[in-house]
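Common to both upcoming complexes is subunit A, partnered first by subunit B, then by subunit C.
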Partner chain A sequence: MAFAIRKKRTRELLLIWFFLAPSLLIFALYRIIPLLWNGVLSFEFWSPYKPAEFAGLYHYEEMILYDDVFWQSFWNTAVFMASAPIGILFALVIALLVDTPIRGRNVYRTIVFMSYPVMTVAVGIIWQWLYNEDVGLINYILRSLGMSGRGIPFLNSSTYALPAVIVASIWQVVGFYMIILLTGLQNIPQSLYEAASIDGASAWQRFKRITLPLLRPSIFLCFVIGIINSFTNFDLIYVMTDGGPSHATELLVTYIYRVAFKLGQFDYAAALTIVNFAFFVFLAWLANRLSGGEAGAVEST
Partner chain B sequence: MTRYPKWAIHLGLAIICTLMLIPFYWVLKTSLTGENIFSYPPAILPENPHLFYYVDVWYSIPFFRYLVNSVVVSIIVVVGNVVLNAMAGYALTRDFTGKGSVIMLFLSCMMIPFQVTIIPAYLITKELGLLNSHLGMALPLCSTIVCIFVFKASFDAIPKSLIDAARIDGVPDWMIIFRIMVPLSQSAIATNIILAFIWSWNNFLWPLIIIRDNDMQTLPLGLARFLTVVEDTTGALYAFCIMVLVPGLMIFLLAQKQFIAGLTSGAAKG
Partner chain C sequence: MAGVSLRKVVKRFGDNEVVHGVDLEIRHNEFVVLVGPSGCGKSTILRMIAGLEEITAGEIAIGDRVINELAPKDRDIAMVFQDYALYPHLTVFKNLSFGLEMQKLPTAEIKDRVEHAARILNITQFLDRKPRQLSGGQRQRVAMGRAIVRRPNVFLFDEPLSNLDAKLRTQMRTEIKKLHQTVQTTVIYVTHDQIEAMTLADRIVVLRDGYIEQIGSPDEVYNRPNSVFVAGFIGAPTMNFVRCRAEGGDGGLALRLADGSALAVSPALQERFGRHRDRELVLGIRPEFFQLVPGGNGAHIAPRIHVVEPLGSDTLFFFDLAGSEVVARMPPLTGLEPGDPLPLAIDMDKTHLFDAETEKAV
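And then the complex of A and B:
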C-alpha cells in the first residue's frame, strides 16, 4: 500500500517537472544563460572569428573613460525616463475624466487606449510623417499659426529630435498609463468620498487627501513602466531617427544593437549590456523602495 | 462627486480623443490621396481618394509573403503560449519540493528585459541552427511568465472540492485537466491568446537580429525595410502602414476586455 502511494507520488512529481520543463528550458535559453554569458563576454576579447582572451576590465574602462557615445546614450535614456511623469500626468487627467459617470466613457477609453497595442514600427512611420519638414501636419499647423516661418526638420535637428521622439512615445503609452490609473481609481472605496463630503471637504481637498495617496501604488507602477519603456524602446528610435542626428536620440538599447550587430563588437556590447542591466535593476529597485514596495499593490488585490 | 458640468467633460474628452486619433487619420488620408503627397499646403481631406497605393504595395513588395511569415510565427507563439503556460501554470498549483525556488526563478526572469539578452540569444540561436527560421523567431516568445501566472491564478480559483470529487470518482488526472480545468479557464486562455498574438505580431527587434533572408521577413521588418528603401517619397509606405495596422487593431477591438485584463494583471506582478 505504502509502496503504491509512493509510486503514485513519484509519477505525480514526474508529471509536474515534465510540465515545467519546456518553460524552464525557454527561460534558461533566452533569459538566464544570456545574462550570465553577457557577464562572461564582457571580461573577454572575443569575436565570432577569434578565440576568447581574458580582457579584465578593459571594456568597462574604455566605456566609462573614453566612449562619449555611451555617455550620450546614457543621458538620453535618462531624459527619456524623466519624461515619463509628463505622460503620467496626462494619463491621470484622462483617467479622472473617464472615471466620471458619463455616457460613452467606454468609447473614450477605447480610443485613448487604442494607440498602445499598435505595432511600434508603424507608430514610428506615422510620426515621422507628421514631423515631415515640408508637408508634415505639425509643421503645417505651426506655419499656419505663424509660429514658424519655415518647416522645422524636427527629426534632423539635434535640439528637437529627442523631444520629438519622446512625444511619439508618450502618445503610444499614455493609454496604458490611463488604464492602470483607472483601475486604481476604481479600487478607491466610494464611501471615503462620501464621508469626506459630509465633513465638508472641498473637491480639491478630497483629491489631495484621498485620491492621490490611495493612487500612489498605481502611479508608481506607471513610473516603473516608464522606466522599462526607456530601456526597451528600440523600435521607435530605429524607425524614426536610427539614433541620429549624430547620436542625439541614441538610447542604450539602440547603441548596444549598433555596437553588436552593425560594428560586430560583441564583447564590448556585452559590457554595455551589463552596465545597462545594472542601471535598470538599480532604478527598478529604487522605484520599488520609494513606493514602499507596493507598486501596483491595488491591482493585485 | 461631479464637479464639472457634463458638457465640459465631454468637450475635454472629445479634444483628447481627437488628438489621439489625428495621427491615424493623417496616415489614412495620405494613403488614400490621389494627389501628389508633397503638395503644400497639405489637404485636410483626401483629394480624389483612390486605392492606387494599396494595389501598388500588393504588387511592388512581397506583401503576401510577409503576411504569411507573420501569421506562421504568431501561430507558433500562440499555440506555444497556451500549451506551455497552461502546463507550467498547472504544475505551480501542485505542491512539490522546489516550488518556491521555481516561482522565485520565474519572478526574477521577469526582471530581465529581453533587450539585455540579445547578443547571447543571437549566438545561442545560431548554435541551434535557427537563424532565418520561423521557429527561431517564435521560440523566445513561446512561454511568458506573466501568462503562466494568469493560468495559475485561474486554476487556483477552481474549487478544490470539485477536483477532489472527480478524483474520488476515479477520474484520471489528464481527464480532470481536459474536462474540468481547461473549460473553466476560458478567460485565461483568451488572455493568453491575445497577449501572445499582439506581442508576436508587433515583435521587431528579435526578427531584425536573426533574419537575413528576404523571404523570411515578417510584416514589421518588411515595413521598416520598405521605409529605408523608399524613404518617405511615396504614399505606398502609408498604405503599407495601414495594411499592417488593421489586423492588430481588429483583434484588439474584438478582445479588448481580455487584453486589458491580461495587461493589468501582468503589469501588477511585474
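And then the complex of A and C:
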C-alpha cells in the first residue's frame, strides 16, 4: 500500500520536473550561468587570447579609486533615475485629465499612450531630428521666438545633452505611466468620492486624502519601472549620443558595453556589471520596502 | 427637526426620463422605505436627496430649506452605501472621524463622538483595524457608524444589506431598526427587498418605472394594495392572480374563471362582487387565504398538486387554477403528495379584485 503511494508520488514528481525542465534549462543557460560566470570573471584577469588569472579585487579597486568615467556614468544613471518623478507627475496630470468625462477621452488616451510602443531606436532618431542644431523643430521654435540667435547643439553640448536625452526618455515612457496610473484611478470606487463629498471633503481634499493614498501602489510601480528604465535605457542613448559628448550622457549600461565590446576589457566590464547589478537590486529592494511590498497592488475594500 | 419634501421631482439622463415628477412628504423621525424592482428610480431619488445627482426639475427640501443647489456636505445628511464605501487606507477610527475632521471639530469632541458611535454599534474593539480586516457585517456597522457620528438630520441608506448573506441580513435589519429607535432621525431607506421594506418601514413607498405606485404603512400596502403591481411585489410567496368575471345575479352570483369553472360567492359577499358584474377582473388571493377542507365539503376548488415545498413552519402547495400557477400556504405535515387532489376553500372575504385592463384595485 505504502509502496503504491510512493510509486504514484514518484511518478507525479517526474511529471512535474518533465514540464519544468525546458524552461529551467533555458533560464539556467541564459540567466544563471552567465551571471555566475560574470561574477567569477570580475575577479580575474581575462582576455580571449590568454589563460585566466586570479585578480582579486583589482578591477573593483581600479573602478572605485581611479575610474572617473565610472563615477560619471554612475552619477548620470542616478540623475536619469531621479528624473522619473517628473515623468510620473506629468503622467498623473494627464491620467487625471483623461479620467474625467471629457469628449473623446479615449482618443486622447490612445494618443498619449502611442509613444510607448514605438521602437526606442525610432524614438531616438525622432528626437535627434527635433534637437538638430540647424533644421530641428526645437531650435526653429527658439529662433522664431528670438530666444536664441544661433541653434543650440543640444546633443553635442555637455550641459544640455543629458537633460535632452532624459526628455526624450520621459516622452517615451509617459504614456505607459499614464496607463498604469489610469488603471489605478479607475480601481478607486466612485462611491469613495461620493462618501467623501458627503463627509465634506473639497475636491483638493478628496485628491489628497483619497486619490493619492489609494494610488500609491500604482505610483510605486511607475517608480520601479522608472528605475529599471534608467538601468536599461541602452538603445536610446546609443542612438542619440552614444554616451557622448565626452561621457556626458554615459550611463552604466552604455559604459559596460563600451568597455566590453569597444575596448575589449571583458574582465573589467564584468566587474562593472556586478556593481551595476548590486546597485539595481538595492534600489529595487528599497522601492519595494518603501511601498510596503505592494507596488502595483490594488487596495480593495 | 427635519422632514424631507419632494415636490414634482424629475430626473432625466440625457433624453431618458427616469423619475417622473415624484411628490413625497416625509415626516421628522419617520422611517420611509423606497422599494421597487431595479430600474424603478429608487436609488436615483435617494442620490438626488443626497446631492450626488442633479435634480432635473422640481424641488427637494429638508426641513424648510430647499436644497436643490446645496453641496452634499451642506445638506446635513449622511449616507450608507451599498458597497459601504469605507476608505480602505484608513483605520476604522479614521473612517469614522474623516467627516468630523473635515468639519474641523476639536480633537476631543471627534474622539468622543467616534467612541460613542463605536459603542452603539459594538465596534469599539475594531477601531484600529483597516476595513479589509473586517467581516461583511462589521464593515456594515462601520459604514453606519460613519453616518451616526455626523449627527445628521436625515439618514440615507442605499441597499445597505444587499451584500450580506441571508442570516446576517436578518440580524442587521434588526440592528438598523434598533438604531433608528436609539438615534431618532429621519431615515430614507432604499431596497428592492420587500421583506426589508415590510419589517423596517413606518411607511413604504412602492416605485415602478419612475412613478410612485403606492404610499402607505406596511399594513396598508400588504392588505390594501392599490394595484396588481403592488400586490404582486409585496408579500412572499407573492399573491396569486386569476382572471375572472362576476356573472349571474340575485343571490346566484359566481366568479367565472378562464377555464369555464365557477367559484361560488357566499351570500354575504354577493354585493361586493355584484358591483363589478360582467367586467374582466383579476382576482388576487394571498397564499395564506386558502383553507384545506379535508372532506371536500364546501370546497371551492380541488386541483391536483404539482409541487410540494415544505418550509418547516408551513408547507407550500403549487397547483394550477384555470391556467394560472397558484401557490397555497398550509400548516405543515398534511401528508399530501404531488398528484393528490387538494380540496380548498378560498377565504373570499380576504381576496382582492383588480380591473383586468388598468390593473388597479376596484
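Here, the second predicted complex is superposed on the first by the 283 of 301 C-alpha atoms of A that agree within 3 Å, B and C clash if a C-alpha of one lies under 4 Å from a C-alpha of the other, contacts with A are read in each partner's own complex, and residues count from 1 in each chain.
The rule we apply is simple: a residue touches a chain if its C-beta (ideal position, glycine included) is under 8 Å from a C-beta of that chain, and two chains touch if they have at least 3 such contacts.
What you see is a predicted model, and the numbers here were worked out from it, not measured in a lab.
Trainee: Should the pairing of subunit B and subunit C on subunit A count as a clash or a fit in the superposition?
Mentor: Verdict on subunit A: subunit B and subunit C fit.
Trainee: By residue count, which of the two partners contacts subunit A more extensively, subunit B or subunit C?
Mentor: Counted on subunit A, the partner with more touching residues turns out to be B.
Trainee: Quick one: classify A:Leu35 as touching subunit B (first), subunit C (second), both or neither.
Mentor: The first partner, subunit B, only.
Trainee: Of the two partner chains, subunit B (first) and subunit C (second), which one does A:Tyr160 touch, if any: first, second, both, or neither?
Mentor: neither
Trainee: Look at A:Tyr60 in the shared chain and tell me whether it touches subunit B only, subunit C only, both, or neither; answer first, second, both or neither.
Mentor: A:Tyr60 contacts neither subunit B nor subunit C.
Trainee: With both complexes overlaid on chain A, does A:Trp127 touch subunit B (first), subunit C (second), both or neither?
Mentor: First partner only.
Trainee: Would you sort A:Val98 into first (subunit B), second (subunit C), both or neither based on which partner it touches?
Mentor: Touch partner of A:Val98: subunit B, not subunit C.
Trainee: For the overlay on chain A, what angle lies at subunit A between subunit B and subunit C, C-alpha centres, nearest 10°?
Mentor: Taking the centre of subunit A as apex, the angle works out to 80 degrees.
Trainee: Once both complexes sit on top of each other, what is the least C-alpha distance from subunit B to subunit C, rounded to whole angstrom?
Mentor: When the complexes share the chain A frame, the smallest subunit B-subunit C C-alpha distance is 9 Å.
Trainee: Indicate the residue numbers of subunit A shared between its subunit B interface and its subunit C interface, in ascending order.
Mentor: 299-300.
Trainee: Could you list, by residue number, the parts of subunit A that touch subunit B in their complex?
Mentor: Within the complex, subunit A contacts subunit B at residues 12-13, 15-17, 19-20, 22-24, 26-27, 29-35, 37-38, 41, 48, 94, 97-98, 100-102, 104-105, 108, 110-115, 117-123, 125-130, 132, 134-137, 140, 144, 171, 174-176, 179-180, 183, 193, 203, 221, 224-225, 228, 231-232, 234-235, 238-239, 253, 256-257, 260-261, 266, 269-270, 273, 276-277, 280-281, 284, 296, 299-300.
Trainee: What part of subunit C is in contact with subunit A in the complex they form?
Mentor: That would be residues 50-52, 71-73, 77-79, 81-89, 98-99, 102-103, 131-132, 139, 146, 150 of subunit C.
Trainee: In the complex formed with subunit C, which residues of subunit A make contact?
Mentor: For subunit A paired with subunit C, touching residues are 189, 191-192, 194-201, 205, 209-210, 213-214, 216, 299-301.
Trainee: Inside the complex, what are the residues of subunit B that reach subunit A?
Mentor: Residues of subunit B touching subunit A: 1-3, 6, 9-10, 12-13, 16-17, 20-24, 26-27, 30, 37-42, 84-85, 87-88, 90-92, 94, 96, 102, 105-106, 109, 111-124, 139-140, 142-143, 145, 148, 173, 198, 201-202, 204-205, 208-209, 219-220, 223-224, 227, 232, 237-238, 241, 244-245, 248-249, 252-253, 256, 259-260, 263-265, 267-270.
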